[in-house]
Amino acid sequence: MEFFLVTLLNGLSYGLLLFMLSSGLTLIFSMMGVLNFAHASFYMLGAYFAYSIAARIGFWPALVLAPLAVGAAGMLVERWGLRTVHKHGHVAELLFTFGLAYLIEELVHLVWGRPPVDYRVPAALDGPLFTLYGTAFPMYRGFMMLVSVAMLGMLWLVLTRTRIGLVIQASLTHPQMVEALGHDVPRVFMLVFGGGAALAGLAGVIGGNAFVTEPGMAAMVGAIVFVVVVVGGMGSLAGAFVASLLIGLLQTFSVTLDWSLAGALAWLGVGLPPGRFLAEAARITVAQAAPVLPYLLMVLVLVFRPRGLMGTRES
Amino acid sequence: MTPDPPAIELRGLHKRFGNTPVINGVDLAIARGERHAIIGPNGAGKSTLFNLISGRHEPTAGAVLLDGEDVTGLPPFRINRKGLARSFQVTNLFHRLPVFENLRCAALWSLGYRYSFWHRLSRLREPRERAERVMEEIGLAARRDTPAGVLSYAEQRALEIGITIAGGARVILLDEPTSGMNRGETAAAVALIRKVTEGRTLAMVEHDMGVVFDLADRISVLVYGEVIATGAPAAIRANPRVQEAYLGTAHA
Amino acid sequence: MSGGTLRFRPLDLGRWLLWGGTAVLFLVLPHVFTQGFALTLMSQAGIMVIFALSYNMLLGQGGMLSFGHAVYSGLGAYFAIHALNLIGKGQLALPVSLLPLVGGLAGAAFGVLFGWVTTTKSGTTFAMISLGIGEMVAASSLMLPGFFGGEGGVTANRTAGAAVLGITYGPAIQVYYLIAAWTFASMAAMYALTRTPLGRIANAVRDNPERAEFVGYDTHVVRFLQLVLASFFAGVAGGLAAINFEIVTAENVGVLRSGGVLLATFIGGVGFFFGPVLGAVVFTLFVVWIAILTKAWLLYLGLFFVALVLWAPGGLASLVVAALQAAKGGRLRRRLPAYGALAAAGAVALGGFVVLVEMLYHLELEAVNDPVLQLAGLRLDVKTAAPWIAAAAVLAAGGALCAAAWRRARRDEAAAT
């Protein structure tokens, strides 16, 4: 039971991290129609910036400075890259962010090298937060959840209570109208893109040391974030929230489960299916299949309910 | 001898988008070979009606019959294969393909070539001849190899009609074919429409009353999603309800 | 009979020359570039040409952006290499020359399996589904070691089976000619497909899927068929890769390979049939040749790709065609000095940039051992300031010259029109 609780909390903290990433991606997609392939690259940059800053002046300044640096990078990318490519259409924008992801990974290789870097949880936050009958829940995970919730709370406040938030919300669905009303929509786009990048960077700061910080992290997390956005419904923040938690829990729980089809068949008293290939497939445990499950979910959603859980439009 | 079923028959047609009712019970029958105009104030639901007939949207209630066959809720390609073609109010072309290819693509299915990837297109005589003939009729032979996206507005409207008729459909729906045209272009368009719909059924949404009274055998007036009057042009002109709906805006 | 003009088609002769010339080129190339390395390059380029052309059936011709095309080529490669092993054991009487057909059929079979659900929509949804299926297959590869061979992959011996006409496929030159033959045949077949009703309707569906429905076509079926045909050719490429490398691993179905073919096709240009051919050759040069010259090759490739997306989204093919059209219109001669100046200035800037990048890579990766970088006959000590300043100055000067040349060219063009 305690194991279940701890795994649940771990899953939730991971899910909240995913929501930090997918919320930025959803905002950018809803507003600008661009599916930002390089979004997870900003996550990676956040982790690496934090690693370098923390090595010099400590974790707490890094927590503030690294996301700002990533946000600034995001704004530059929007101003000098996306804006140029915007006139060539959505496919070109997608390809630009796709190429950008390659470039950022290569730059990370160059500056920090290929092997994982030793970006560690700060000593002050290391250790268990509480222990349930022998299973410890790390303090750092609790910290992650705290930061995620606080950041997202702030995001919600900005979007619903400030003037700029109102403009952003309007631009989500009617950018031309907002521009016709006199708002500087290109500037809003730049802010949103930079803000989304900063959010991803913050996720990297707190996630990079809990998980691993290496050049491949962008590709790994990036794919999962796409799954989240698709399952939740492209363009829906609420959907992204639900899907983030769902996938976070799915991934966290599935690696702990040793069930397999063969096991289920044995429990039912039925033998294995014939043929070497089928038998091998039946012996695969849920834990072994864990990497595949999110993508399977995504494909199923796209086939049966392309709108996603709560999406308002399909693409 | 039983009479031919109407080319298009609408029975109790309703359509709502979310909570907004747009078509509120339309009953209409268009006879074979008839030229029927649908007029009405903006927002009356005329384009929506066409969308319901051609399969772009599914009705909330009611039935659409094509030549006596129930085609309600069928996807557009099935309805097209049964012999109905439509044009669009906002030009809807294959913008990267040249004029000739636009027309040829529109003819391929009806000529039986379907999804063939074993026929050499350049060797197929019928699609080429059909496309060239339609190209002449709509007056775009000189623009044969021009990508459709590059044509002038009037040329695009002409191509729009061309694509609609290239498949040889028996029933043709034209959605505001003369919108945005000047007098000369409109007159040419009317002559073209009259020629290409010879022997076919035509249903037409129009705002230009001159065109309507010139071409139509019968007229229906759509207001707030309901047909308030149907009949011969003279009767429609004299109808007080119609005059009220068009208060001050009728120009003949 | 109106409209029946007599069509004089001089282009036909040109087309025969082009195809004939290509065939001759394939035959003659290994005798022009005789080093073993050149043969490797040409063989890999041939495989990539088929792969990229098949990808463009989806992207350029069908309007479908796929992030998972390597699934079909990779699974084709796996089936081919298993078949090759069966041939080696004498359990399959198939000449190795026809092995790519096995790859093609496997690719097509998976195209049928995955294709129907993949092609319900185009646009972003299609891209996402293709990504999902790609990741799914790649992740499954470690779960089913019996078929995928686990971490080490599956190996085979291409000299297996009876030698037909004395061809064993031991020597690399024989493999080259096998690849060349299949490349030529695949190019011809894919070109022919563009000139069929399906090929043209696929273009129409690309341009305006809604209108295609209203002229009688089920766009889902059109996309599905296009995908199955494309996966066939992808599988052929995979089969040739299995023969060429004699090993197939999870990388063959992986995200990197899907990304690579996207890059290659786009770099070449999706709007022309020969675009992916050009892009495949350029891409192979990067991956096989430039990768040996410098560690920064992936950076250069990425920058090249992004530069094209930003400023020439039609790819290299569009630049070639624009130049040819300018030549035809007689404008090229007039523009040549301006182009020449721009190219020279660009070369200077590029030189400075390359030196900077190489020094940076050397500093990060090699300087612990030897701070001196040997580049094009220059000895540059990356730990001193002088080479950095010099290179930066060259880059800045080149950049300024480029800007000036560009402004001049624009002014000349405006004055001439």
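Just so it is clear, A, B and C label the chains in written order, and each chain counts residues from 1 on its own.
In this section, contacts are C-beta pairs under 8 Å (C-beta built on N, C-alpha and C of every residue); 3 or more make two chains touch, one makes a residue touch a chain.
Keep in mind it's a predicted model, so treat the numbers as computed, not measured.
The chain with its Cα centre farthest from the Cα centre of chain B is A. Chain C has the C-alpha centroid lying closest to the overall centroid of all protein C-alpha atoms shown.
For this pair, chain A with chain C, the centres built from the Cα atoms lie 31 Å apart.
If each chain is reduced to the centroid of its CA atoms, chain B and chain C end up 44 Å from each other. Mean C-alpha positions place chain A and chain B at a centre distance of 48 Å. Contact of a single residue of chain B with at least two other chains is seen at no position. For chain A, residues touching at least two other chains: there are none.
Only residues 35, 81, 84-85, 88, 90-92, 94-96, 98-100, 102-103, 106-107, 110-111, 113, 219, 223, 226-227, 230, 234, 276-277, 280-281, 284, 288-289, 291-292, 295-296, 298-299, 302-303, 306, 314-315 of chain A touch chain C when the two sit together in their complex. Residue ranges of chain C in contact with chain A, taken from their complex: 65, 117, 120-121, 123-125, 127-129, 131-133, 135-136, 139-140, 142-147, 255, 259, 262-263, 266, 296, 298-299, 301-303, 305-306, 309-311, 313, 360-361, 364.
Interface residues of chain B, counted against chain C in their complex, comprise 54, 56, 75-77, 80-81, 85-86, 88, 92-97, 101-102, 104-106, 108-110, 113-122, 124, 127, 132-133, 135-136, 141, 163, 166-167. Chain C contributes residues 2-4, 192-193, 195-201, 203-204, 206-208, 210-219, 221-222, 225, 229 to its touches with chain B in the complex.
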